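Labels run A, B, C, D, E and F following the written order; every chain starts at residue 1.
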Amino acid sequence: MDNVQLIDDNGKRNDGRGPEDLRPIKIEAGVLNNADGSAYIEWGKNKIIVGVYGPREMHQKHLQKPDRAIVQVNYSMASFSVDERKRPGQGRRELEISKILSEALERSIISNKYPRTSIDVFIEVLEANAGTRCAGLTAASVAMADAGIPMTGLIASCASGKVDGQVVLDLDKLEDNTGDADLPVGYIPLTDEVVLLQMDGHLTPQEFDKAFGLAKNACVEIHQLQRDALTKKYSQDPDEDNGEDQAGEEVVSE
Amino acid sequence: MKDIVPDLRVEQIKRLASSGKRLDGRGLEQFRDIEIQKNVLGSAEGSARIKLGKTDIIVGIKVGMGQPYSNKPDHGMLATSVELKPIAHHSFDQNTTKPMSIEISRVVDRGIRESGMIDLKSLCLESGKKCWMVNLDIMVLDFDGNLIDASTIGSLIALSGTNVPASNFGMGKDFSLPIGDMPVSTTFVKIGEHILIDPTGVEEAVADARLTITTDASGNLRAMQKGLSGALYYEDVTKAIEHSIKTGKDIREIIQRRD
Amino acid sequence: MDNVQLIDDNGKRNDGRGPEDLRPIKIEAGVLNNADGSAYIEWGKNKIIVGVYGPREMHQKHLQKPDRAIVQVNYSMASFSVDERKRPGQGRRELEISKILSEALERSIISNKYPRTSIDVFIEVLEANAGTRCAGLTAASVAMADAGIPMTGLIASCASGKVDGQVVLDLDKLEDNTGDADLPVGYIPLTDEVVLLQMDGHLTPQEFDKAFGLAKNACVEIHQLQRDALTKKYSQDPDEDNGEDQAGEEVVSE
Amino acid sequence: MKDIVPDLRVEQIKRLASSGKRLDGRGLEQFRDIEIQKNVLGSAEGSARIKLGKTDIIVGIKVGMGQPYSNKPDHGMLATSVELKPIAHHSFDQNTTKPMSIEISRVVDRGIRESGMIDLKSLCLESGKKCWMVNLDIMVLDFDGNLIDASTIGSLIALSGTNVPASNFGMGKDFSLPIGDMPVSTTFVKIGEHILIDPTGVEEAVADARLTITTDASGNLRAMQKGLSGALYYEDVTKAIEHSIKTGKDIREIIQRRD
Amino acid sequence: MDNVQLIDDNGKRNDGRGPEDLRPIKIEAGVLNNADGSAYIEWGKNKIIVGVYGPREMHQKHLQKPDRAIVQVNYSMASFSVDERKRPGQGRRELEISKILSEALERSIISNKYPRTSIDVFIEVLEANAGTRCAGLTAASVAMADAGIPMTGLIASCASGKVDGQVVLDLDKLEDNTGDADLPVGYIPLTDEVVLLQMDGHLTPQEFDKAFGLAKNACVEIHQLQRDALTKKYSQDPDEDNGEDQAGEEVVSE
Amino acid sequence: MKDIVPDLRVEQIKRLASSGKRLDGRGLEQFRDIEIQKNVLGSAEGSARIKLGKTDIIVGIKVGMGQPYSNKPDHGMLATSVELKPIAHHSFDQNTTKPMSIEISRVVDRGIRESGMIDLKSLCLESGKKCWMVNLDIMVLDFDGNLIDASTIGSLIALSGTNVPASNFGMGKDFSLPIGDMPVSTTFVKIGEHILIDPTGVEEAVADARLTITTDASGNLRAMQKGLSGALYYEDVTKAIEHSIKTGKDIREIIQRRD
């Protein structure tokens, strides 16, 4: 909304992308030992790690559902994930996002298999650069599959929006702060279901249609990256599970 | 909304919806009656009491002075809160309603903020140092569904009658809060195949998904929020957008007629 | 305590009342749908709504009484009820008032009928102008009757006090802030019992006698207003329960 | 005081009271022994340890600098707190004793404040900007009833020996906190028909109603507080006022004798 | 670490002690009525009172141990115990000390006698002048004995440290604030066991040996004071239990 | 670490230890492999990811401006926190891990502070008014014992690569955080008769006592902390000190090699 030019005369965005390009995305499944399932995602400058525990007995009895499992997401920004240090403790924004991600993920599981249980999903944002709820949801869905939880389909998630009056895909932080609109979408390609949808800013109904279509197509692309990550994990020799980045390893011995 | 709704009731709601009807006699696309009282409190700088069917809320606005947020040094401040107090429903208690009240207040706030309805820049007094702080507090007295729309309507009414008490702070004459184009939200639920506008408490309790759409006077989108753990199809969304633009116009007229 | 003259040469107070006059009081019973009982009171500029739930099972087991119901009052000032915005959350003053109102109301119920239960009374002060604990207690007693809870008698409540050296009834905010003494009384006319009694300021024993007498007489008058409100409610056609102020109603339809 | 007192014990207390006696041998109108130690702590600006029978409390006063309340720009500040720590009784824990500790501290504070015992105006250093802040903290070490009176007495003793450490703040010479007329509270319980002064823990546990009356040196009333869910008759109140004025004089003498 | 001289040319410390001298210590057992066991300690200018309840049923079921009692210490500094008023509520320092004192005391009890119970130890620091954790632990051990809890031995505790480059015993506040090192030790003389050990500052291994030896010897001395306090209590006529400082007693009677 | 470890497992650990072995094949005095990644985050002024066996932590450092503590007006500020988030172990939840996380952060902080590794005086900008504030936050991602040593090592790595963003605050050029001699902690547990370095989660769960020793480059002691409710003998302590000095040297080399 300030007078920064976000798309240059050649149609390129501040980081060189075209209007319909995603930032680079890298997904890895099974990155933690203790969690029942886990995933790590790098999405542009976003870095997020997700751990899943469950289905396990729900401690707070009054929240148990007699006929199904519930999903409890804890989405959390690390104090060092943003420019100005974030104070510890869950703020209102984090609570809202935790709620809508819980609801989205609950849709994707076959929940009546595990009555009275909870599936606990911890989304730790280590570095944030706009789009963390979509990146977190994408990684959380992989982590749930990694935990062996029966699902109707993986959720892929991506935002589109409007910048300099133009509909674009996958806003980065500069675009998110100064752009015209943001439209995060969570989508299950296998069932064509929309499980997350938010929007703020200013879109005509026509712009909405276009933006929604962009996001949905991107989700199909992201879905493939999710499958690749899971395939890679499950085709590995289990003993090498945590062998990423062996270069950094050092040994102390007596 | 934490009631256990028996399966029979769910079936009844779906059966009625199949023939375009609802438990309270409305059609699927019919909003409930809106009852409006304006400036009901002497202690608040702006206030309103809104009844949307049996949902009953009160909105109070206090205007004070504050220091602008460091990332918005030239803007006044708006803070929106929704209190789901236990008076409003037997199932409400401070702990369990927190996520729900945060979601509602953030969706209401987003609609008001993104529409530019309040010219926050005009509420800055000294860049980075001093500004007007508008506290918009919504208290739910009786709950029967659709708090987002009731809260949005109540907020618009209360804000548009708000007096900035500048003289109390030695900052010149009092003035009316500068109000521009109003955002109007409409909320839908999906139950089975059916899309119902303005859900009651029972309808929310059995709904698969919820969708709120906030539009401006030009019929453009300003905010959206999907809720609940069911899914929507794209067609559900476009259908809801269409209804929202139409119903939003009617509600906007009612609000403005009262000015 | 400051040099404001609160009673003029004609014996009139700042709002025109005589020393022994109440402010205008309006009580309405049964104003909410979900609460088991409810009442609304306007008392001068005070506006208070009360909702009652119960008797219902006491959630915190360690607070249950094996032989009787307990009353739990939550007296709360809305953030917008006072000139300087009140911060959300119960402060120490609200907690003290909640405690003494709980104790007062417990006296008026026939509590051994509902062992292990709680009667929860929510007193929401929407606008405050001195005397809210008395107005809240008066309305709460009506709301409990509206909920059908068996009672030994209605509690009426009113404060008296001292202003400009003179004993007066029912102090308003200006008088409360700058007056000499305040004496809130809660009284059950049917049984002649004092269930609430507080005082601060400065009273001789003789002034106390006079002030107490004024408050007690006012309680008898208020008791009649309480009965009228309940009679009006229960003589209405139930379908018109919430028909107050129809003037404000608007209809949206397709 | 959350003990379950068996019905037999209640009957015994009532039977004794009928013949003017109590479990610990006192008469109905007899206060317990008061044991006083003054200035017991080097780290506090004022302090006292008070035993009222087996009730044992310690009062500590810290004086610092603060900013006057916006509605009292020309007054210094007094903040009173009572801590009912779990050391004092097996039934005390942080959660359940909160309402009780708030009520006690507010009643004690009200008596001190309303009596004008501390000239708060003299503790303002710069109107609206800077004042002395008196923190009066009461810690209960052993509980056997009547904390309001024990706390009031302890507070009077501690305050009347308090040194304002002005030199530490570069504000001139230290001086004694300016103390005027002292308020003295006496607390009664009603058990059945009987009115007993200075109740023990067991007596409080079985009492129907409680009444605290705070009087000044002239025998006038400064604060009152009824507690518990029983009722009083007017005659109970006037009888208690009469006893309070009388006993208050005795207690005031004891406190002042120590100066 | 500042240039204050803490040991003068005659080898005397700021309060006149020699390097290996303890401050004056006074211990009294059985000072409270309601607590199952209690003790009061004055150690230099430190004044601490300790109350013990238990073994009693553990309220938080998930913390119960099926085979033994646990010790829960609550170490707390009174707001008026220090020069600058301490804000109410347990800070991080108090929580850490509570934890390590709980662990130390748990070692000294014969814990398998009381499965599923808790022994709750409340350490109230009324006046603080360095060394409160050692003084508190010493008093707590006496209070537990006073409560009749079966123990393998009393814990005595004392710090040593380094000041002006010299190893000394029992640092006071000035020495603690400006000295070179602090080494709190908790020790059971009967079993020769170290149950508390912390250190910060700067010590060579040789200095550590010397400092540790000083602290241990002091613990033996303190152990005798603990035994004396218990002997005195249990040789008293029980009716005189609370007769300390009768000089301050006054009587009000009608 | 709240696992219930069956007695059989305890016996197995002790039997192995008797012949100098451990469940994961290490010797009693053998540290696990340390995997180090430096400057892993763009949003932090310094960062590191450390794996100590299966224990996996991330350390992030934010540097901002603050006001010096009143008792240290000429020093910059360091605040250390450890978050034991539920992602790291099935038994972790916010309530139960609080004492553990406080103890770890205080021991790590003590080692860094007491060693003088950071010249805090050089981080004061204006005495009593303005200084640099270093926030050292440690997040545990995967737990398998010995968080104190993992956190200390991670903190050293992250601190030694930290950039003070002075230019962002208009305070001249950015500069590297001034780093001096590094403290290295090594932690031991006692199980039965045996002293084991660098315990895993299972070893900690069955241990009688824990001892952390922090040494500097000269082989002197900077901080110690005993934990758990078992006892140590003096010989245990001296043996651990000896090993700590030796192993500390090896770890220090690894850390510095990476600079």
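Details
By definition in this document, a contact is a pair of C-beta atoms (placed from the backbone, for glycine too) under 8 Å apart; a residue touches a chain by one contact, two chains touch by 3 or more.
Values in this document were obtained by computation on a predicted structure and should not be read as measured data.
Common partners of subunit B and subunit E, by the touch rule above, are absent.
Fitting subunit C to subunit E on CA positions gives a rotation angle of 120°, reported to the nearest 5. Looking at A-B and B-C side by side, the one with more C-beta contacts is B-C. In terms of their C-alpha centroids, the spacing between subunit B and subunit F amounts to 49 Å.
Between the Cα centres of subunit A and subunit F there is a gap of 31 Å.
Our note on geometry: subunit C versus subunit F, Cα centroid distance of 58 Å, whole angstroms. Within subunit B, contacts with two or more other chains are made by no residue at all. Annotation for subunit E: residues touching 2 or more other chains are 84. If the chains shown are joined wherever they touch, the resulting network closes on itself as one ring, and no chain has more or fewer than two partners. Circular chain order, beginning with subunit A and continuing to subunit F, reads A, F, E, D, C, B (contacts as defined at the top). For subunit B in complex with subunit A, the residues that touch the partner chain are 70, 96, 98-99, 102-103, 105-106, 110, 114, 211, 216, 219-234, 236-238, 241, 245.
Note for the complex: subunit F touches subunit A at residues 27, 29-37, 40-44, 47, 54, 56, 58, 60-62, 64, 81, 83, 85-90, 135, 137, 139, 141-144, 246-247, 250-251, 254.
Residues 32-35, 45, 47, 49-51, 53, 56, 74, 76, 78-85, 88, 120, 122, 124, 126-129, 242, 245, 248-254 of subunit A touch subunit F in their complex. For subunit C in complex with subunit D, the residues that touch the partner chain are 62, 71, 84, 92-93, 95-96, 98-100, 102-104, 106-107, 183, 188, 191-205, 208-209, 212, 216.
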